[in-house]
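First comes the structure, then the notes that go with it.
The chains carry the letters A, B, C and D, assigned in the order they are written, with residues numbered from 1 in each.
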Amino acid sequence: MIFTSDNWAGAHPAIAASLSAHSTGFAAAYGASDLDRKVEQSFNEIFGQEVSVFFVGTGTAANSLALSAINRPGGVSFCHREAHVIADECGAPEFFSHGSRLVPVDGAEGKMEPAVLEAEIARFPEGFVHAGQPMAITLTQATESGTVYSPDEIRAISKIAKAHGLPLHMDGARFANALVALDLTPSQMTVDLGVDIVSFGGTKNGCWCAEALVFLDPAMATQAPFIRKRAAQLFSKSRFIAAQFDAYFENGLWLDVARHSNAMAARLQSGITSSSHARLAWASPANETFPIVPTSLSKDLTAKGAMFYEWSPPRSAAHLVGADETMLRLVTSFATTEDHVDQFIEMLG
Amino acid sequence: MIFTSDNWAGAHPAIAASLSAHSTGFAAAYGASDLDRKVEQSFNEIFGQEVSVFFVGTGTAANSLALSAINRPGGVSFCHREAHVIADECGAPEFFSHGSRLVPVDGAEGKMEPAVLEAEIARFPEGFVHAGQPMAITLTQATESGTVYSPDEIRAISKIAKAHGLPLHMDGARFANALVALDLTPSQMTVDLGVDIVSFGGTKNGCWCAEALVFLDPAMATQAPFIRKRAAQLFSKSRFIAAQFDAYFENGLWLDVARHSNAMAARLQSGITSSSHARLAWASPANETFPIVPTSLSKDLTAKGAMFYEWSPPRSAAHLVGADETMLRLVTSFATTEDHVDQFIEMLG
Amino acid sequence: MIFTSDNWAGAHPAIAASLSAHSTGFAAAYGASDLDRKVEQSFNEIFGQEVSVFFVGTGTAANSLALSAINRPGGVSFCHREAHVIADECGAPEFFSHGSRLVPVDGAEGKMEPAVLEAEIARFPEGFVHAGQPMAITLTQATESGTVYSPDEIRAISKIAKAHGLPLHMDGARFANALVALDLTPSQMTVDLGVDIVSFGGTKNGCWCAEALVFLDPAMATQAPFIRKRAAQLFSKSRFIAAQFDAYFENGLWLDVARHSNAMAARLQSGITSSSHARLAWASPANETFPIVPTSLSKDLTAKGAMFYEWSPPRSAAHLVGADETMLRLVTSFATTEDHVDQFIEMLG
Amino acid sequence: MIFTSDNWAGAHPAIAASLSAHSTGFAAAYGASDLDRKVEQSFNEIFGQEVSVFFVGTGTAANSLALSAINRPGGVSFCHREAHVIADECGAPEFFSHGSRLVPVDGAEGKMEPAVLEAEIARFPEGFVHAGQPMAITLTQATESGTVYSPDEIRAISKIAKAHGLPLHMDGARFANALVALDLTPSQMTVDLGVDIVSFGGTKNGCWCAEALVFLDPAMATQAPFIRKRAAQLFSKSRFIAAQFDAYFENGLWLDVARHSNAMAARLQSGITSSSHARLAWASPANETFPIVPTSLSKDLTAKGAMFYEWSPPRSAAHLVGADETMLRLVTSFATTEDHVDQFIEMLG
């Protein structure tokens, strides 16, 4: 029972098969192959409009190059305090955007609170060079807390972005999980709500290594080919990413995988809710689940072979965890089975 | 007949198979899996000593992070004028090393001339802050001209590096091709000759995407984990690189593939030498071949379906190409067959 | 009555005279003149040991180059939430240190609380690449709140720095004001307490433009000459800075000026304490004073010709300011006279 | 007799006096004083149109921030092989422009040869990400060889810049010397010839420390306030620069000083031409003179107290210097007198 992370899984069989199938023959390098073009076209279809797509190797790359592309000197980007960009990327976003700053914004359950966001932006008055200048807002969908921003919640943030002339970036490392949780189309979850740039993740949802930086407005992408190459993210055998995405989109595989992962999380949450030894810190419709358990039980679970991370509760949730309690993080993926979940729930007692 | 580049090939069947075989099950992410460990051990064995290995996604990443790891403020690195780092990486080495500079060094057939190298270094006297300070020497093995530095040639450069206290980096995007051309062990071609850091390439030699930054002295690598992560080059499902390298090293596959590619190049060169319509610009023992042909013949070859790049002759070879002549670059790989070569030679007439 | 900032004053007459006196004749450029050497020797004397001194043009430069000199990839430096480095330098410290991050540490009256500092550092466990790595602690002395860290308070922070292997930087834009407030020698306020690097400010204390980056351990400064030059902070006519410092140190002028400025602040604070229309937010022994007044009175004072900034209260002091009240910042300098102070106090009523 | 450099002189008496005169009283910091505004207006008048002016501390800063303001990812700027930006700034231009590259362009007597410039630009075909992309052309006026580009020569380079969509930057560390040598107005030497940005130097021409980054089209300067502040080049007591420029422009002092320096150089050149022991490497109408003398004579001159630099001849002039000969560089300034010159010429014999 491995719930450590969705990136502990390998590759979905259909994606592995696609990679094998495309391993023969010659194809133009550096993203110029027919397969690259086909997949770029898939992105256009998915977003319902022409978009600019750049394959990269990691989610950190997608996020960092997004900020690099909209960089301003002395720039400040706003993100949730627990966001991956600020908590888990070793300063890559700052490095790639020439030293711009990330400012943490508080909010419950992994989501920026619009009023707090406004207050943080207000600390950087227009033209006041000492403080620096606002440069972007970036939100994570689904969040690091397994929650998802509703369309209204995204709209509220987008409105703030537009009011301040700031591009809105969505870190979609778990884009598909959010999408199926909300039952929206990609366009409905982004274009229609004022999102400008998406880090579109495939890796956590069944690919080996397939991430895309998507500019919903191609006009924002004029410098992106150079930004990507300069960042050492232009792959020579680019079709190895394209082949993964090709299978990913085929017959909606990506949505099926996300639905499965979310369903496994829902099954976990249902079991936890029924258990007398654990409770949920909060409900989370995507593929991450955060139970609170007695610390001794956490050790027992580990001893019995369950794998997961004990999780530092977010600042806003610290009060939920009692003195002898521990918060866990359980992540599900395409490789999680009902059996894994049921065994874990049984262990929980 | 595709001779455009070795990165137009896909993945060697054994490598594709390994990737499929490792696609199931769970494994620790971010390079902590047993397979990652096993492959790191393979690197130790190959180099005959403990080394520090960091998987990355592109050769540009390996080169750039090597320079980042040995970065000095106002630093200047010396490379051949036609080296990949200076000619083909969109400034990535400079970007990742905080604006350090690459200084081109002249020399015939893709190899730095030691006397010229000395003269260039001398332009940066010790402690003279206005000019900046020497920081590294980087050589490409095999070179962009398909040639290889002999042990004596590497030793001559290494001696200069040591005299000036400079680390010596080897861009080994085609490391295996050089190795088998020289019939040396990895240790003989690097450690024994004073090389400090190697960009160890697998992609051009039959992998999809498998590059490694190898510090021959682990003491030089203390900051490298952070440098790699900050560069967005730490892959979550790192075993997808490990699985490629695992097959790559199995039973010396990597050397067999390189021998094949070089042999195909030798076959091409033999055919060209025999042709009355073409001649070699220079002999090149690795997997790149540079014929000079009448410009009209180049067009004919293309029209008949041969694919290759017309190549701007290096500055030092410009005089070799006549007014109505064109230099071609022909690259061979695991996917090149004797048939491909023979067809091309036949077309040549 | 101008209390906006100590940088609204010009140059102290003795410093202006020194600059005039040194304006004739020839002298070696780029810091190599006899006068530069003499002033460097003064720094050695002041700190009671051999130090490495680099003149720069702004306090932001001194702070930024200090962090650049101790840079680590993915590095994180800890400072007070209101510190100049994080609040007023437009991201220069991050830019010059290749995208390293500043993490705000809370604490009352402008001083980092050691327990909070420890907790923030603990968020970056050793070797955990995702979070980044601690790289420095930087404290401001005197603080942006006009307060000064006591020797014990510095020692507590220094102890944490040493425990984590972190260099300790002191932003001494108002070094002299702190020094005379504590009645310590420079060595007692730095070397003896474990400070490693000092941004030594002269500008706010009567110079035109004279700042120095001082490495108390010269071994930390080996790359600093290149770091300064690369930062465009090596002045050709460097003696124009040396001439200012020469007068600054002559007969303890710098301490006299600081004593005067602090005395003017004390006189202000005494008047405010006596006033029935104003109160001090906190006591501040250096040259900045923070009264809280009715908002209407603030407007009146401005209308009557007093100049100062209305000040956003620090997060930790927000509760001190009532609904119809405003916090002011009053800064005194060599140019502030008793008359200025008394007029202001009279206006206050 | 000191001919080492124009930055070995101090400050012109009128400039020193202005600084003293403005040292009293209070003035708004960070460039917001009336004096700052007045001097900005002087720049508008000098260039005959509204320009955007940013005071900075060094010529290296002006050059580097110019390139930072027009930065492109993977960018490549073209300059003469001996230009200050590439030869004497320790990589500052690359650092401030996020790792962009400087490409040396050959040409006699310090001036880029248009045909060579075109050939170098052609190495970076549009949209070819591997090579990087052209980003700027920068020329030095007067050049490091004491020569000046004629209007036609600037026009030829400007035409190339416009054809490739590249901004044209002029490093005017010795702007005044070139201007009076050509007998042009600032506008005639820049705006009318298609120059976009000027590093306007005062330091070498009699100021202590007064440089300005001038955007001839204010629309190019929208990010410059943040670029300057982030670069630690916004001076708090900015009026100390303004006070220098104020005197500099008063009654054409700057032109008079430049005329004097150039006249002293002409007197030197006349003396050298008449000497049977020395000859000019080339004629140079600005304030730098390059004689070739027997090496033994160079030693003699030094022994007798003359100070100057022995100069490595530029690549294009190496053939001018015989085996036992040495090239010297002699720089004149406001502080050079006819006596200094005549003594030197007498020593020359």
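Keep this in mind: contacts are C-beta pairs under 8 Å (C-beta built on N, C-alpha and C of every residue); 3 or more make two chains touch, one makes a residue touch a chain.
The shown structure was predicted, so the numbers you read here are calculated from the model rather than taken from an experiment.
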Chain whose average C-alpha position is farthest from chain A's own: D
Averaging only over C-alpha atoms, locate the centres of chain B and chain D and give their separation in whole Å. 41
Taking the mean of the C-alpha atoms as each chain's centre, how many Å separate chain A from chain D? 50
Among the residues of chain C, which ones contact at least 2 other chains? 30, 73-74, 89-91, 95-96, 98-99, 129-130, 132, 226, 229-230, 234
Can the chain contact pattern be summarised as a line, a ring, a star, a complete graph, or none of these (other)? complete
Touch list for chain D against partner chain C, complex: 2, 4-5, 7-11, 13, 15-17, 19-20, 22-30, 56-61, 64, 89-92, 95-96, 203-204, 208-209, 226, 229-237, 239-240, 307, 335
In the complex, chain C residues that touch chain B: 30, 68, 72-74, 98-99, 127, 129-130, 132-133, 223, 225-230, 234
Residue set of chain C touching chain A in the complex reads 73-76, 87-91, 94-102, 129-132
